[in-house]
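Quick heads-up: structures coming right below.
One chain, chain A, appears in both complexes that follow, with chain B as partner in the first and chain C in the second.
Our next item is the complex of A and B:
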């Protein structure tokens, strides 16, 4: 019933490779100006990203060759490590643009919150996969969510966006593994209530909403409106690769969260749509792998990865198009961020490892 | 144990699968929605946003222009430079008081920026009040942060405005004055550069037309990448805390080129060209003494050009002015293309872009080549019987009675066509063509100037005996002045062909040396021994042959004259009475340091071929330039010589004195030479007149050889012959190079004009694959 096919999901590998290469090209185009102005090197961002991507590809390959069940043993340990690192970064982290998010190890810097995402996926897959009887009870559901709350709280103190993603991954994993629907309506309602409370507590978050409604009227809406200018001026086919004007200092940090707007400007609606389709295919493969996985642990890893990528892509595109208020979420594989790329590729390796252990019975 | 564990594991239930698929469907719909959102943004505001992007490009991120490099002469005198000026920019939003909120605040405090700002701009910069007001208030511009009010104001003007508006904390102002100064808002100055040519017309054909951003002709065009730099940029960006950061990327200024030109020599050359124009252009419509005059002066030992000029210079500070050639009505009716053609014609550099039949100045090169390949020896003698039958065509020598027995040296001295044809036949066609190419005829010399022509040669298939014969005395093929000049240098410097060049050094912004451009020795087409023989034959030419008018008192000069009868472009046949007279010479003979090549194309006189105009111009130039180059006099100056040249000892001294003055005040003598004729040498201008009217040259005879006194005794006879010539040899003349021969066909480039020539197998430009005037601009 269970076979080791020996070959990972080829389509998934293709999509990931496309995203990495495309991401490096777009990052070069977008970051060359900022790189040359701030660091005197047009390749500054691209070089660092390339290094991380190369390391990530190696990690992806190695992990995909392993039996993923090994990770079940270390899931809890990984979760604890991520808790420790996230605590450490609060005290010993390096601040960049006002947020302490980085841990330095010599010349390398490391963002623990990126590792936390992967650790949470493994941890939840392990916890939910091992539960037997209590799986259907509401209490159990609360228990699982409660398990990840410490990391959400730790990460959320200085990186709200990543905390939301972690929480989102948890909800997705629990949602697919649970038999009921109604509870999730409650969770959604509770989430919305908490969000409102949370926003009300700090006025700057409310301001974000005001900016969202009318970005042109606020100075802090600058990034948003510049992103919209970029998207709007791209038209159907864009200005052409490398021809963006908005990346020349107008869209702040264009190589980070706002990179999708530059893709729209340079490659137009067509280019942006193709990129979104690639992400959609990726998410579809996760779903297929989850369904075909030989056991619940494997299925939940794939489902967690699916939730991760889906949430990040949706939130990023939604922010850039000013569909939701601005919050800093990066576009997977494309935005600048070495730690992010390294762990995303490791995560892909994990899913590929699952895909090698396909159960033949089911098919979609 | 592993088995056990596996059994424990659960699989995805159907419900889970459904939920998973449901989640995927949700993701699909959300992504679709976001995609539609992009469509909505693009469709609704796309055009508007695109405009915003373009407009803020100017405002938020401004360009800092680079400074284009200078063009200097060999001693650092400046031909062209870029000067800093300012553009006045108005930020209409700031003048209006910022956004609505800020405007309301100002209104409360009864502060108005508009009136004081307009007032300051009108008073200090003389701008139009009504225009300013409409710019500030009109909805189409009132939201703009970047409106150019005035371009290119000087630092002083900027200072006037700043004195009127700035608030200096050290000074005390009255209350109303301070209030007024505070209310001038939204005006700032943007740096820019304009191109300036302090010497205006000097070397205009060579320096060329340019702006701070690029060049259109001459060195400005050829070296535009070297002179140009990279714009800098100042731009603002918001960091994650929405703080505006400003970063400046400094511009990279262009490099300066140090040319091989020497402004003093250039001024001497242009002085004598202007003098000739003044003397013979009095009654001409365009005031020119000849259709074209071209002069190249340089060092034969390394290819450096000291001066290059034509009589079609123009004011580099006003290069677009066509009013001297066209009426206002004509200018208005011209299309852009016609205007551009007219400007290109105006900026044309005769010395490198025009190709013509070089005439007898080509003979020394043929003789040197024939010696080199061993076709002839230096002790050979020739018999000139006044002409030669080549196949069934008779080609006459200048002296239709023949020069009689001649040594090889005499052949050059007498400029004997008959003997040249005999030499050509000994050389044979293929080697002849090879040597033409070795001296770079038919291909560009590689001089660092744009739009160099190649001239047109025969090739092995198109050249037959007649063409070979006429080629030996510089007819029926074409060359440019720079080709002839460079080839001549190879003969006089011992056989070394140097690539002629205009630039010797490239300096960076701070005067540091970026690159030294060394002379390029392309090849040695002839041996030193053979070259030296031809050089001494050319000294004889000047001492006692056709080039006597080019003698320079006190110096040993070698040279060769040329008088080419031109082709009537309408008929394609030889054009009786229209001549291109030339002289190319060097000095001193024992170690040539200076070459002067003078071409006078259709001098505005009755008998163009007589008078030796080019020789006289050459002599005048050498008389000033040789002392200037500190070349010592070696020869005694005899009264006899001075009498023959119609010079006084004073004239000789004047040349030396002029050189001394120049050395003392190296740099700025522009004004002095602007007024050409007012300088001490005016006395010499009359000399042209004397030469023509003097009985010795017997200019009255229609086709006299002119040019040298020695030959004049024979000219009367030619006149008779000429009138009595029969139909086959009709039109024989006796110039020393290129007489009127109806049976010498037009050169290749004009073969399309038809007539008897068409039966010949002429090669065309297309066959050669040569674009004759590759005007790229």
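Our next item is the complex of A and C:
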């Protein structure tokens, strides 16, 4: 039953390579202005990203060659390490733009929350994939969610968006592992209620909602408005690669969360749609790999990765298009962030490793 | 060891994927809405945000005299500035600018080395120097062209033309009155900038060309203005007067050919008071300047004195309360109420006709004529002759008439008004009314502006003015012309007489207020040819020293002007005999018509 096919998923590799190369090109285009203004080097962001991506490709290749089952042994350890690093960053982290999210080691800096996402996927796959007793009770769900709450709380203190992503991955893994549907509807309802309560507690969060509804009326709606200007300027085919004007200081930190708006401006509706479709193909491959995985552990890794990428892409694009209130979520493979790219590519390596162990039974 | 994957797991994975796919397709739809349906809205907003407008100044329209001589045009001047971040050879830039601009090296060096986005080195640099600097093609050195108003004749008609301010906007005179015609529309260069406002070099420039202002053609004749100005300056010096004003205009249509107010000022340097301003406050300096720029013919009022008798006479003739042949008696004074109002000839003119009374400028005659008219009729003629309104001349700041309220006019006021005292009007008001009274009786509006043309000469607009209303009958007008000709040929205006011309006119001498200051304003108003006036001139000398009688000092000035300009205007001398023949013919005609 567990047969090693020897070959990873070629289409997935292609999509990942495309995204990495495309991401570097877009990052160069978007970050060249801010890079030359701030650091006197148009290639500043692109170079740093390039090294992270190169390292990530190497990691992806190595991991994809391995038998993913050996990671089961280290899953708990990885989770504990991520807890430790997330704690450490609270005390010894470097602040950038007002949030302590980075650990520095000489010239290298590292964002523990990015590692935490991968660790949580592995950890949950290990915990749920191991359960032999049938515990299809509500308690089981609560138990699994409770397992990730420490990391959600730790990351959430200074990076709410990533905490939400981690929680989302956990919910998806639990959802996949459980037979029932209805109780998830209740969970969703409860989550919505909690969210409302959470927003109501602090007035500044409600202000975010007001800005979302009418960004032009608020000073804090500046980033959103500038993003919309960029998107709206794109039209069908865009201004052309490298021709964005909104990236010239109008969209703040264009190389980070708002990079998708610049893609829209330069490549137009056609380019943006193609990128969205590439992401869709990517998560479709995750689904195929998850469905064909030989065991629940492998399947849940692929499903977790699918949830991870899908949540980030959907939330990022939703924020940039002002479909939901503004929250800082990066676009996978494209937004600037070395740690993010490194661990994303490692995650891809893990999924590729799973894809080499396909079950004979092909239902989809 | 590892749990097997079950069917429900697969179903759930597919369900998650389906959910994600739905969300992503929804977002693609949302993108389509924003990028296709809302594209116009957002891209327009973005465009507004990115574009910076830099205006290109429009050239101001020229002001030309009736012969096409340019009275006001534009000079191209350059502004030299440096953009610090674009300078590649600072030493060379400093050397070139120091040499070409003739500035201190240290001063240039300081500005070139100053770390600012753009630093102005020098403004108002003439175009030649600007072009030369541009030819060096130095990186970081900018030569911007700009227009500066230029007045080729310097002080000629300065108080009429006016000048412009730093923004090329009219400040006084015709420059401000015709601002909308002369101004033109500034153009724009649209450039794209980044968020810091730095222009992007590789984006295409949108350009909206400036539209030059239109040229204004005046009735003013630079030659006549020059003659008149010379004569005025001469009189100013000879009589040590405060100021001398001369107006030359066409009685038929109100076109002004010359308007001199000496001392004039230099239009190319209008803020220079030409005297020390030490110890003067800013306000005092500004007051002095306003005084220097003032157009006495329009902005100031005075007691017209005897020239006003033209109006009293016309009103009385029109009303029929007097005929030229009526006889009066002047004992040298006249008692009105309890006052004894003297005639200038204290021994009296004795018995005289009305015509002789005008020739003698006899006050008692006019007091009686005024009494015959009465307050009501006199006031009615004031209104009819437009004396209570402004003339509507196309210059800013025309002063209104200062006149008694009708209810306040008692016998004394009526008497003094009759010979032009106790109220004030502007010289242009007097000239305009007299024009109407002698041109056959129709109202005119004194004016300078005649036509608006493109620079290539295409006629755009012929300016029109209120005129044509009959304010006095043609017969009275004709009588007045005849009487006033006698004033010059035989009466008080003799010094304006030129052999071979029929000149009509009236002199005046009035004492300014307060009377105790013993300051006088002397004037003479004349027109040629008396039968069919083609030009009317008025000369006013303000505070002359020594002899101050209008007939003695102003009439000769006007004669000099007329002598010079009449041939130029094509008004030919008539042979003496012919003149007499015409006069005899006139008299015969007159007798015939009387019968």
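In the analysis below, the second predicted complex is superposed on the first by the 361 of 364 C-alpha atoms of A that agree within 3 Å, B and C clash if a C-alpha of one lies under 4 Å from a C-alpha of the other, contacts with A are read in each partner's own complex, and residues count from 1 in each chain.
Everything below uses one rule, namely that a contact is a pair of C-beta atoms (placed from the backbone, for glycine too) under 8 Å apart; a residue touches a chain by one contact, two chains touch by 3 or more.
Since the structure is predicted, the reported quantities are computational estimates derived from the model, not experimental observations.
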Chain B and chain C placed together on chain A: clash or fit? clash
Contacts of A:51 with chain B and chain C, given as first, second, both or neither = neither
Quick check for you: in the superposed arrangement, does A:18 touch first (chain B), second (chain C), both or neither?
neither
I'd like to know which partner A:223 touches here: chain B for first, chain C for second, both or neither. first
Check: Which partner does A:43 reach: the first (chain B), the second (chain C), both, or neither?
Finding: neither
Pick one for A:241: touches chain B only (first), chain C only (second), both, or neither. neither
| said: Quick one: is A:253 in contact with chain B, with chain C, with both, or with neither? Answer first, second, both or neither. | reply: first
- Message: Looking at A:276 after the superposition, I want to know if it touches chain B, chain C, both of them or none. Which is it: first, second, both, neither?
- Response: both
### Message
For A:179, using the defined touch cut-off, is the partner it touches chain B, chain C, both, or neither? Pick first, second, both or neither.
### Response
both
Stretch of chain B hitting chain C after superposition, from 110-118, 434-442, 506-514 or 668-676, is 506-514
Dual-contact residues of chain A (chain B, chain C) 37, 129, 132, 172, 175-177, 179, 228-236, 245-246, 248-250, 264, 269, 272-273, 276, 279-280, 283-284, 287, 290-291, 293-297, 299, 303, 306-307, 310, 313-314, 317-318, 321, 323, 359, 364
Note: in the complex, chain A contacts chain B through residues 2, 34, 36-38, 97-98, 129, 132, 172, 175-177, 179, 219-220, 222-223, 228-236, 245-246, 248-250, 252-253, 264, 269, 272-273, 276, 279-280, 283-284, 287, 290-291, 293-297, 299, 303, 306-307, 310, 313-314, 317-318, 321, 323, 328, 359, 362, 364
Chain A residues touching chain C in their complex are 33, 37, 69, 129-132, 172, 175-179, 228-236, 245-246, 248-250, 264, 268-269, 272-273, 276, 279-280, 283-284, 286-287, 290-291, 293-297, 299, 303, 306-307, 310, 313-314, 317-318, 321, 323, 359, 363-364
The residues of chain B that touch chain A in their complex are 6, 9-13, 15-17, 19-21, 23-24, 27-28, 30-31, 34-35, 37-39, 41-42, 44-46, 48-50, 52-54, 56-57, 60-61, 235-242, 247, 249
Interface with chain A, chain C side, in the complex: residues 2-10, 12-14, 16-17, 20-21, 23-24, 27-28, 30-32, 34-36, 38-39, 41-43, 45-47, 49-50, 192, 194-196, 200, 203
